[in-house]
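In the two complexes below, subunit A is the common chain; its partner is subunit B in one and subunit C in the other.
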Partner chain A sequence: MTTILPPPRESVYQLSENLRDEAVLLGVRPAVPSEAEREDLLFSKLGPKGWVRLHHFRHYYSAGWGDGSGKPLSPRALETFYRFLEFAVFTGGAKPSVFLTDQGCIELCWEDAARKSVQLEFRPAEIEFFIESQDSEGTVPHNAMRELARRLESI
Partner chain B sequence: MNGEFSIPVPDRLPTRISPCPIVEAILEIRFITSESWRTLPGLLFAHIRDRYPEQKDLPLAQLPEEIRRREPAFTYQPLVQFLSRDFLIQFGPRVVSLVTKPNEYPGWAALENEMTWLLTELQKIGFIAEGERLGVRYINFFDLDIFEKLLLDVLTGGKRLAGAELSIATVLPRPPLTARLQVVNSAILGTGDTARRGSVFDVDVWLRSLDFDLFQNGLAKFGEAHQFEKQIFFGLLKPEFLTTLNPVYE
Partner chain C sequence: MPVAVEEDIVRAICTDKWDGTRLAPSLFTGENTSVSRLAVIPLAEHWDLFRKRLEKPPERRLELIGEINVGQLQRIGRAYTQPVELTVEPKPEDWNPAHAEIPQRITRGLANQIVNALKRHQAPAR
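This part shows the complex of A and B:
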């Protein structure tokens, strides 16, 4: 059975028939600018499992998820997370696990080369970190993600 | 001229051209909220009903919520419209936008004034937990092949592709702003009972979540996005074509 959903938006204009892209009707649509690069980035840094989990957090976890009080994914936390990933190098081939917190923030957890725990929580305005090997925890503002990534490279 | 950006930006930009090609201008806010969609239209309507007395459901509102939520293409689509004499507000679970009436662009000052009022009301209601994207989109229509009037060519084998039905889309980043430009010389404009064939010049400019704070600097950021949109539009018009549009500078 084929089900045709209504067009998502009534535009004030349409392309002429010859220019219309039928692929759109088949569910193939152009990526949002820079989204394809970010998907690649996610895949390479977190692997398929991390990629799938983030896809679910973005698209299927709305307000009230979990026990009813879960907040939706924070766009600012997500943007900080993506920008951090651009600089991040996870030593020892680690593929961090990714979680959505009740507050709508993103948490990354992994073990470094010495099997010591590293945890980062990406919040709307800051990043909270815990680095077991350095017995260090604290927060940095979201625009310090590059320095944090550099610090984590050395563990 | 600006040497860094790929489009030549004129030193001064008109404040008005005539005839005005703007079919529709949209100021859009994407957001997240912890409120259920069921309560949101009522919350907003209670605050804007004096100015926007008419409410209209859009076709997507007929779909069950579960289906809408599972289809990413619907995430930022509006489900309800509120209409006033000069503008309309489109509203959905993750989007609110202020839209001009078709072919009745009132000028940036009026649009900005209306958005100032809308932002104040949105802040009072308090359902927006966080802004996700702030966008400004202008859709222009011309009754001619616009590619002949633009500093923009498509070449095949080194020769300009002329006379063909053509649609191009490109993304122009100028951090923190990003613009998507679509130019089409064979489009059908449907407004009211009429359908006109011609060219569309469609520019959508936006900022990502980390690059604005809606209730702190949102209005200024709308202004910056609008300015970038104008630079792209006027930067791509051939000067001799711009002259025929009777530009007014203030």
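This part shows the complex of A and C:
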């Protein structure tokens, strides 16, 4: 049996052009990964040790941790970190180490195929990188994260 | 007056900066890095001092103490690609009269070299 749905009703109110979200107009929105999907991602990229450490940083390190000045994990830094993990390919075999900085940022350290250090610090507004083999350090904005992942994959 | 080059300084290394395999360079990045002077308080007494002050939350454990000579620290700073004249300034605090700070901004690249030069002391049994 075929059921014909009634045609969609026109919206009574219309947003002006400059307020419209293009994604809404297209009816396409990337699905936000569920917590379970992110846990799986974390486990596969960082292994059980990395998974447990991040769990501790998220749930036990509240404002004032350590000597009293430690900042809690930044939600924006965490979000960028997860997005980076989706694209990251870690060469060299070993699982990266994950650390919490005193400013509440996530630090990721590993070695490339030539056993040289690669380090990233996910901050609320940018990503700091250090690539020993290229004697290169600096920062990139969050929107350059995919490009950074690609660059790191090729070293 | 800055701490003399002959002195040795230490820094607490807790679980957030050590995962049993690697040491986080952020241990030394940034400005006003806290250290402690062995000339004022001996190493053996630093364990209890650091544990009482720094093991918060309880899941944060003092794993190692990293030691470096002030003169060696300065040589590393001067030899870096963008040389930095590092100093150690005494900043005694109530909880730790041996407390001092490295006031200069330390970049990640330089911090890597300092971390690699640290003499690591393992925690004695509790």
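What we mean here is this: the second predicted complex is superposed on the first by the 122 of 155 C-alpha atoms of A that agree within 3 Å, B and C clash if a C-alpha of one lies under 4 Å from a C-alpha of the other, contacts with A are read in each partner's own complex, and residues count from 1 in each chain.
We adopt the following convention: a residue touches a chain if its C-beta (ideal position, glycine included) is under 8 Å from a C-beta of that chain, and two chains touch if they have at least 3 such contacts.
None of these values were measured; they are calculated from a predicted model.
Residue contacts after overlaying the shared chain place A:Gln119 against subunit C, while subunit B stays out of touching range.
Using the contact criterion defined above for the overlaid structures, shared-chain residue A:Glu107 touches subunit C, although it does not reach subunit B.
Touch criterion met: A:Glu128 reaches subunit C, while subunit B stays clear of it. Touch criterion met: A:Arg53 reaches subunit C, while subunit B stays clear of it. When the shared chain is aligned, subunit B and subunit C each come close enough to touch A:Ser62.
By the touch criterion stated above, A:Glu137 is placed in contact with subunit C alone, subunit B being left untouched. In the superposed model, A:Arg76 makes contact with subunit B only, not with subunit C. By the touch criterion defined above, A:Ser97 reaches subunit C but does not reach subunit B. Counting contacts by the rule stated earlier, residues 60, 62, 64 of subunit A appear in both its interface with subunit B and its interface with subunit C. Put simply, subunit A touches subunit C in their complex at residues 49, 53, 56-57, 60-62, 64-68, 94, 97-103, 107, 109, 117, 119, 121, 128, 130, 132, 135, 137. Those residues of subunit A whose C-beta lies close enough to touch subunit B in the complex are 5-10, 12-16, 18-19, 29-30, 33-34, 59-60, 62-64, 71-76, 78-80, 83, 104, 124, 142.
Of all residues in subunit C, only 14-17, 19-22, 24-26, 29-30, 34, 53-54, 56-57, 59-60, 81, 107-109, 112 touch subunit A in the complex they form.
Considering their complex, residues 23-24, 30, 32-36, 58-60, 62-63, 67, 69-75, 77-78, 93, 102, 129-133, 139, 141, 165-167, 169, 171, 173, 178, 180, 184, 186-191, 197, 200, 202, 208-210 of subunit B touch subunit A.
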